[in-house]
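Listed below are the structures to be examined.
Both of the next two complexes hold chain A, though its partner changes from chain B to chain C.
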Partner chain A sequence: MTGLGSSVREFLLAFADDEHLMGQQHTEWIGVAPFLEEDLAFSSIAQDELGHAAALYAIVAGDGDPVDNDLRIDELAFRPSPDDWRCAQLVEVASDDWAHALVRHWLYDSAEQLRWEQVAQSSLIPLAEAAARAEREERYHRRHADGLLDVLLPAADSAERLQAALADLLPLAIGIFDPVAGEAEVVATGVASAPFDTRLDEWKDRVRHRFDFDPDRIEPMAPTGRLVRHPDFGPLLVRMREVIDLDPAAVW
Partner chain B sequence: MRRYEVFLKKDGRDEFRHAGSLDAPDDELALVLARESYARRAEGDRLWLVDRENVILGDLEFIAPNSDKPHRHNDGRAIAEHRRNTREGGA
Partner chain C sequence: MNTDLLVDRVRAAVATVDDPEYPGISIVDLGLLESLDTTHDGHVAVGLIPTFSGCPALSMIADDVRRAVDAVDGVEGVDVRWLGAPVWGVDRVTETARATMAREFTVAVRIGRGPVACPRCGSPTHEQSMFGPSRCRAVHTCPACAEVVEVMRA
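Here is the complex of A and B:
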């Protein structure tokens, strides 16, 4: 592999940024999840997502040949300018409510499964390898989210809160399927098997089945090509860069 | 919530050992949560979960009385001495 090209690079950055921010958002529940065992489980899931992000950044940093334990990964993962990020607003929005965090976890991971499937046979071998590893971990994530929803959705009080969170998050969640510019080239070179939004209907069926709610009743946010950040992103980036900004030249 | 007792084993090594317990609303969540509570650092690769309701208890009054029977603790010393004496007497 000699050089990724800008379309593949953007495609990988979008995926990596989503994984990175999803992991980051989950870590905000460390120590304050509803009970101890859930704290451990959710922290593990956060760690897995950060691991996926690192694997994807490593491919970008090495221009197709993954680097290992390299500062270039951090440089990518903590880009200072919000304009340089390619994440979906679903993972940018702040959440201080457990029902909200749980619904986002389910919405994100149900789409993430389809997203890894799109690159499981990738012509970019390190990406296909990352997909195989990620799926082993994602099986746990989905069982965790479904296990909790199986218990909480039939109860009136929790169902009400979960459905409210769903209505709030769905317009942003559909944005996960919003492609970066150049996705056609990513598909043409076999890096991904098809445009990601070819899986959108399948994902909506999952939502329908899980929440007994038709996602087509919600007006999705207008596609931005992942170029517009949610208002919550700025403060999140400041928190994420808190340590690196103390001494940008420090060697870890 | 139900209370579950957690047992772990490493394949081909050791027997199942009690690792601890946890509370969960059903069997599925108990499994999901037990994995990260007790096996997150690969402490085991097989897991038993037992609903505490299904544990058959042997209580103190019934089980403990055997603690005052030192004659059941045969360390072999008396037998060894007897055999030594017999051997020496026969030589």
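Here is the complex of A and C:
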């Protein structure tokens, strides 16, 4: 879309980068999840998150059509140098334990629901449309994560692993609410209904209710305006670029 | 050319494009065609909606539609777009497509809010997993047939 202000652009890129990396992280469980149904679930959920990322990048790149803006989406998704990414550290951190991946899936998707709600009535029409489509898909994601936690949290051995993952991930998860510079303008122009951190308390209540753990007992990371990358980001970016770097001029 | 006649021809051409996931089932019967506009000088605009955001077949389907419409007598140019709205739902799938899916693919489509009927015997099925062999299919079981049933989902 021509004429997007730099604040709106940053806001959309932050959302798109989060969706992109969350999708990428989920794909890394395909084939190594604890059982076949989870391979399939993580692959489907990853596909949705990558679809949302493409939809958001397409609004930055052009008029929102994911096919017409194919190459520009790739450019936004794979080419920026680490300093130009706007993702939250929650989606950058490596997860080599499935309990950890499951807790992250729940933390991310519970915040993602609130985030789409913030733009459901957006003055940017393609964004409001993407929100309507995403919410229909996200219901399955939340049911998936909640269904597993319903079974696993009451069992002592799995509860211990999940609670350890929660303590580890919460400081980073709170970082999802960390705004990019210029969020006030995004709200003033009606692109989002309110600053995202106005939903933080509501999200913490969900965490409290789900895990029976008070998130305020955890020291959140200092806000960085999404400008500081997690140490795990570098290797992740190398893995993500593996194919595109083989032949940067290839047309797919 | 009469634009009504051209619209009919173009619609028929779009209907020859099958969904890559379901060979033999037209994208029109799956409810992907949302809008079709023609001008008196033969320019055609086709608006499609995806079944879900991350569908990897979007460019393939758009190419197929472009090729099919381009071949229609009287068409001078075609523009195929993926629209952001409305949101696709299984209620857009026609009776014809439902019947073919049940018969050829043993895939059921949910109708309304009740249980999904088994495409073989019509008995109510049980959901096994929301996530099946592809992104747009859930896995159910039919107790009467003692078989696995795939169910198209949004």
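Just so it is clear, the second predicted complex is superposed on the first by the 243 of 252 C-alpha atoms of A that agree within 3 Å, B and C clash if a C-alpha of one lies under 4 Å from a C-alpha of the other, contacts with A are read in each partner's own complex, and residues count from 1 in each chain.
FYI, a contact is a pair of C-beta atoms (placed from the backbone, for glycine too) under 8 Å apart; a residue touches a chain by one contact, two chains touch by 3 or more.
None of the values given here were measured: they were computed from a predicted structure.
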Which of chain B and chain C A:243 touches, first, second, both or neither: neither
Looking at the overlay, does A:71 come into contact with chain B only (first), chain C only (second), both, or neither? neither
Quick check for you: in the superposed arrangement, does A:188 touch first (chain B), second (chain C), both or neither? neither
A:44 contacts which: chain B (first), chain C (second), both, neither? both
On chain A, which partner touches more residues: chain B or chain C? C
According to the stated criteria, A:148 is in contact with first (chain B), second (chain C), both, or neither; which is it? first
Could you say whether A:140 touches chain B, chain C, both of them, or neither, answering first, second, both or neither? both
Taking the two structures together, which residues of chain A meet both chain B and chain C? 37, 40-41, 43-44, 140, 143-144
Can you tell me which positions in chain A touch chain B when the two form their complex? 35-38, 40-41, 43-44, 140, 143-144, 147-148, 150-151
Chain B - residues contacting chain A, complex: 22-26, 28-29, 32-37, 40
Which part of chain C faces chain A closely enough to touch in the complex? 52-56, 58-59, 62, 81-82, 84-85, 87, 89, 129-133, 135, 153-154
Sort out for me which residues of chain A touch chain C in the complex. 37, 40-41, 43-45, 47-52, 54-55, 64-68, 70, 125-126, 129-130, 132-134, 136-137, 140, 143-144
